[in-house]
Amino acid sequence: AQEAVKIGLILPMTGPFASTGKQIDAAVKLFLAREGATHGGRKLEVILKDDAGNADATRRLAQELVVNDKVSVLAGFGLTPLAMATAQIATQAKVPEIVMAAATASITEASPYIVRTSFTLPQASEPMAHWAAKNGVKKVFTVVTDYGPGIDAETSFANTFKEAGGTVESVRIPLRNPDFAPFLQRVSEAKPDALFVFVPSGVGAQFMKQFIERGLDKAGVKLIGTGDVVDDDILEGMGDVALGAITTHHYSAAHDSPANKAFVEAFQKANPGMRPNFMAVGGYDGMKLIAKALDATKGDASGDKLIAAMKGASWESVRGPVKIDPDTRDIIQNIYVRKTQKLGSELHNVEFETIKDVKDPVKARK
Amino acid sequence: MPDASLPELLKIEKLSAGYGEAQVLFDIDLTLAEGHSLALLGRNGVGKTTLVNSIIGVTRRRGGRIVLAGRDLTAASPEQRAHAGIGWVPQERNIFKSLTVLENLTAVARPGPWDAARVFGMFPRLAERKTNLGNQLSGGEQQMLAIGRALMLNPKLLLLDEPTEGLAPIIVEELLKALKALFREEGLSAIVIEQHARKILELTDETIVLERGRVVLAERSATLIAEPERLEHHLGLAAAA
Amino acid sequence: MSAVLQTFDLSKSFGGITATDHVDFTLAKGARHALIGPNGAGKTTFVNQLTGVLRPSSGRIELMGEDITRLPREARVKRGLARTFQINQLFGTMTPLEMIALVTSERLGRGSHPFRALDRDLELVGQTAEILTRFRIDDIMDRRIATLPYGKQRQIEIAAAFAARPSVLLLDEPAAGVPEAERRDLMQTVAALPDDVSVLLIEHDMDLVFRFATRITVLVNGRVLAEGTPEEMAHDPAVRAAYLGEGAHA
Amino acid sequence: MTMPVLETRVRQALFASRRWHPAEIVFWCLAFAAFLLFPRNLLLLNEIAILALFALSLDLILGYAGIVSLGHAAFLGMGAYAAGLLAKHVTADPFAGLLAGMGAAGLLGLVTSPLVLRGTDLTRLMITLGVALILYELANSFSTLTGGADGLQGIMMAPVLGLFDFDIFGRTAYLYSLSVLFLLFLIARRVVHSPFGLSLRAIRDNPLRAAASGVPNDRRLAAVYTLAAAYAGAAGALLAQTTQFVSLDVLDFHRSADLMLVLIIGGAGYLYGGLIGAIAFKLLQDLIASFTPQYWMFWIGLFLVLFVLGGREMIHGAVKAAAARFARLGKGAAR
Amino acid sequence: MLTILFDGIAYGMVLFVLGCGLSVTMGLMNFVNLAHGAFAMLGGYVAVLAMQRLGLPFLASLPLAFLAAALVGVVLERLIYRPMYTKSHLDQVMFSIGLVFMAVAGTDWLMGSTQQFIRLPDWLQGRFEVAGIGIGRYRLFVIVVCGLLAVSLQWGFTRTRFGSRLRAAVDDARVARGLGIPVNRLFALTFALGSGLAGLGGALGIELMGLDPTFPLKFMIYFLIVVTVGGTSSITGPFFAAMLLGVADVVGKYLVPQVGAFIIYALMVVLLITRPHGLFARARA
């Protein structure tokens, strides 16, 4: 047998973004268990490293993985700066960098060796704008966290929605912010038809609770946003406050397909108490992509060959059909419009509309 | 030497003590009868303060026994000793700096004839400064407060470590008078350390002199007043004068 | 005799307490002057104002004719006003040598020099050595100050003040806590200071005060009660009543 | 003792404190030898060198002047951004970047120094923390300049001295960082043994007496604060240059907090504390993290607790003992 | 506008409850306990478990959170905190950060890294309007509970002998013992109280600030701000500091969201420079 193909998996396993790391780590393990560790005739060996969400740690770990451990693929990357910090290394060492979570649109432009299996924020926000415009929403107030992804979501939503004839007001929340009262109060005074929100998934629940507490739902304000606020991972704990939220995203654990049912079941069996979310799917499909590329190259793990094989690769993911855009190396996928509802006793994001084969709109426009 | 007719208040047997690794006191024996007071003399650094601190229990004991009014305090903690009836005026005064003058008194108070009003009667200056914080007092005022604070415990035995240091001559005079009255009329016992022996020999019943951590002279104070040369021998001319 | 240090109407109050109350005071050149008074009379407060530790509520301080009321502490030292503290204020982790070297280096204006090596500075070395011998602390010069006996620390306190080569030296109870035998040594050291240094002494030990001072000011309740020669003060009935008491020297 | 004899003794005593100890020489030889000894770990070594420089900076104000700070990351970040921006927009020369980083951070230190002159330890901790957090938010807000949360991209460094290119193995990076560290260490060593350094210790020990001895406390503290800021800026510049990337993280609170731990582990006030602390902290973190990527924090925490509860004297004792042994060896060799 | 003022006050109250336990240990015992947030987290998790697993009502889980944190506080005080009292502040910082790390990783291991939530009883949900001011029921509840707490603490520490004995013990433990003050018992009691308050704060705060294993790190800065700005010599200090910061933060973010992130830090720096010993520090010599 040939030597194993090493994959350096760098994730935030500790710190405020630990849940991202855990979802992906669990998904990667699940992939190896379900689909086998041998692909293209070679065994996959995953080396997990924790960067705690610090960009220079990510960079150093990536460098060490390349130099010392001779990994053939770098994967993981929970946050945009972490993926960005590694781009140069990927280029220099000609090692593919599989981004499984970070969602700022520009990441794949930082290096020709970056491929993404998660999503981009514009990809999820623009369909929301279209849907809102079509469904009688005239005036939207956007509330986003003041950092890269938030600004991405805000701009792509606002631009699209204005083009569609709506009016938008915006406010940004600082990164460290325990209380949403002042922002929600502004929303409540502006009396919009809908509130578009993007906050990092951990604080989504807090936001939703205060949204309800302030009586905005009763005042007739629709809550819309990307799937991040109603992250499957914590949805159950949020309770009824999440009911009725309309979001657009590429994955819901309630996605109605046999493949997904089996995936969710297996995931929950391996990780009691956890529900797979979009991070997990990004991780799972990242592994899938690596496996497919190795199959295609018949086990040749040199960077350029792998990247070539990844471009244009397509498969049926648990989220629906996906394809790697050969031009941008971003993922092309369906975006679903979902409503948060009770399924039995559990809360779920139930998909009710599908927008097919969405490319990252930012790059598509260029 | 101790009066056999009076009951014993304090008995120290073969006490050795020090700080950390250093031993300062060696085999100290001492008995004090109820109602009697003791002058503790000696040159600088011979261990006077260490002896007083060992009685209250804030040094490191290396051997020996301490009994107060028949109760063995050898293993007792400082706070238990204080409750057993010892009042302490530390050499450095150690006023509680974030407590007011009044709180410094009430925080340690125990029931008995001494209360804040009586302390203020003894040191009118303190009454004027009742609400000052401990660190807003002049040096002498702190000294007065330290004495008053010890009295608030209503002790059977008062430990006074250089109580006249930093006080104006006129206050010293008054303080000594007041102490004399306490010793003679209220039967309070005390151990008094003093640099100037002559100030306190009249006040006390007995005297011991320390030298390098050992007792080198134990005598009735009255005898020493009569025979000053014996003190001179141990303390040098200046102090005994 | 000309005045080196003068205060005009100097007052300081803490809330309701007036610690010094319109004090007019003159220290003559080369004086051996003592400041006495009951506890809480305001002596320490007075010295603290002179040296800039406390800011006067009102009034003026002049050092050799110049107004120094608002000068920062270190500037007063540079102009020749040094002090000791009632409670030792030493550099615990330094050796006596380092402490004296520090004061000397500041006086020589070297303090802001970031690269010069101390031992290469011969002037500094010479003057430091001179102070160490004058105050007889050369035998303990490389032990940590914090570990030295109290009497020695007291001596270092005075040596450090003197190392600033002051024209006025303020001594706040320098002998407090120093044993009888060493007390005289200490005072002799002070008495032997050069004539052009004016000394103001605060002390409760009347033996020392009367032996040392040629002039005495008595402060009571923040005000100057009396001033004069030791002889005059010892017999002044008001002073006896307020401070000395009955048993005092006649 | 006669005067000349005493003067000689005084000189010797003053000289003794700044004499090179044999252990110091061994330490630096080992630091440079590590380049050959651990070729696989140069990246980690580079991080250690940078952290050591950063800790040296904190030691200057904490160990020598008694100023505690929980916001030292402000200067690290300032240096990193200054060096990064310079490289991106003006010149890619490493030394220019280093100077820019030091200058910018030093200026920030000078401007903010009045804030730390007064107050208790606690107020100082919080004020420095506040300044760093404000800077963090500023860097986030001015994302057009700094790249915001995405980080400053596209830094390309020219070779050091026009000869040594930054390679992926970190060879140039380590030697470059270590050389800068060594040079700045030499300067720091001079400074702390100068009259200026002595006056800092005086202020730390007893500000009241220092002022009464003629030391202008405020000006000296401001000066050393500025110097330390420039040192931290140098560390930031090295970080930006050797990783060719700057993210908001350089300004984050955990940087300052970790730094504090590093210095306490190594011991403040003798210049090597920060260096030793940096080595210990990074190695420990790396070691534990490679065993248990998910729960390494627990073990670091346990280490810190045990360290304070009892081990601190032990480790510092061991360091002293080792130094003493080297000294004896050194003397033996000299004889 | 008044609505937003009310929100600010409630936010300040939560800050106060979380911080006041720390002013008890840090201000009164002069012990820098950065692990304070860990006790708050403990309280939070106890409340969550009590409600989720034992099905206890919210009100019953609050005292439980207090007791559990106080109990753990006492045990830790006995076992490991006591030798720390005499060490330097830097040692205490390092020690308690170590504890925080352990608590963060340990909780993560035991409870997982996801956010925890509680369900409030119906009477605490929603809001009502009084004279045009929207008042959230839960926020009102928090204000009432915390207000009562503030008053009784202030009374306890300044007006009672317990308070003055405790301060005496902090000023000089050796002499305090020599004068009959049971220092160890006072400290243990106070530590328990401080930890208990943290636990209570953690439980009350879940609804407004969330709860996950990184809680002690995330909110450490806020506790510290409250305590330093408030000063460590009283309870009123941190109380008003928390109010001021809470209101300024909320109102500032409402009026000028662009500078929202800076307000609390800038205010802290300004306050600390003008009042370095805290808002209500008693004059010092």
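In order of appearance the chains are A, B, C, D and E, and numbering begins at 1 in each one.
By our rule, a residue touches a chain if its C-beta (ideal position, glycine included) is under 8 Å from a C-beta of that chain, and two chains touch if they have at least 3 such contacts.
Quick caveat: nothing in here was measured; it's all calculated off a predicted structure.
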Taking contact as defined at the start, I'd like the list of chains shared as neighbours by chain A and chain D.
E
Can you list every chain that touches chain D and also touches chain E?
A
Would you mind checking the shortest number of contact hops between chain B and chain D?
2
When B-E and C-D are ranked by contacting C-beta pairs, first place goes to C-D
Of all the other chains, whose mean CA position lies farthest from chain D?
B
Considering only mean CA positions as chain centres, point out the chain farthest from chain C.
A
Distance between chain B and chain C based on Cα centroids, please, to the nearest Å.
31
Please tell me the distance, in whole Å, between the geometric centres of chain A and chain E computed from their C-alpha atoms.
36
How big is the gap, in whole Å, between where the Cα atoms of chain A centre and where those of chain C centre?
74
Centre-of-Cα separation between chain E and chain C, whole angstrom
48
Where chain A touches two or more other chains at once, by residue number
14, 18, 22, 146, 174-175
Among chain E residues, those touching two or more other chains are 104-105, 108, 261, 283
Residue numbers of chain D (touch at least two other chains)
137, 140-141, 294-297
Touching pairs of chains, which are they?
A-D, A-E, B-C, B-E, C-D, D-E
In their shared complex, chain C is touched by residues of chain D numbered 1, 3, 6-7, 9-15, 18, 190-191, 193-199, 201-202, 205-206, 208-217, 219-220, 223
Please output the residues of chain E touching chain D within their complex, sorted ascending.
32, 80, 83-84, 87, 89-91, 93-95, 97-106, 108-109, 221, 224-225, 228-229, 232, 261-262, 265-266, 268-269, 272-273, 276-277
Quick check on the complex: what are the chain A residues that touch chain E?
14-16, 18-19, 22, 146, 171-179, 181-183, 185-186, 202-203, 205-206, 209, 213-215, 233-234, 237-239, 273-274
Provide the residue numbers of chain B that touch chain C in the complex, in ascending order.
43-45, 125, 129, 132, 136-141, 143-144, 165-174, 195-196, 236, 238-239
Using the touch rule from the top, collect the residues of chain E that touch chain B in their complex.
161, 164-165, 167-168, 170-172, 174-183, 233, 282-285
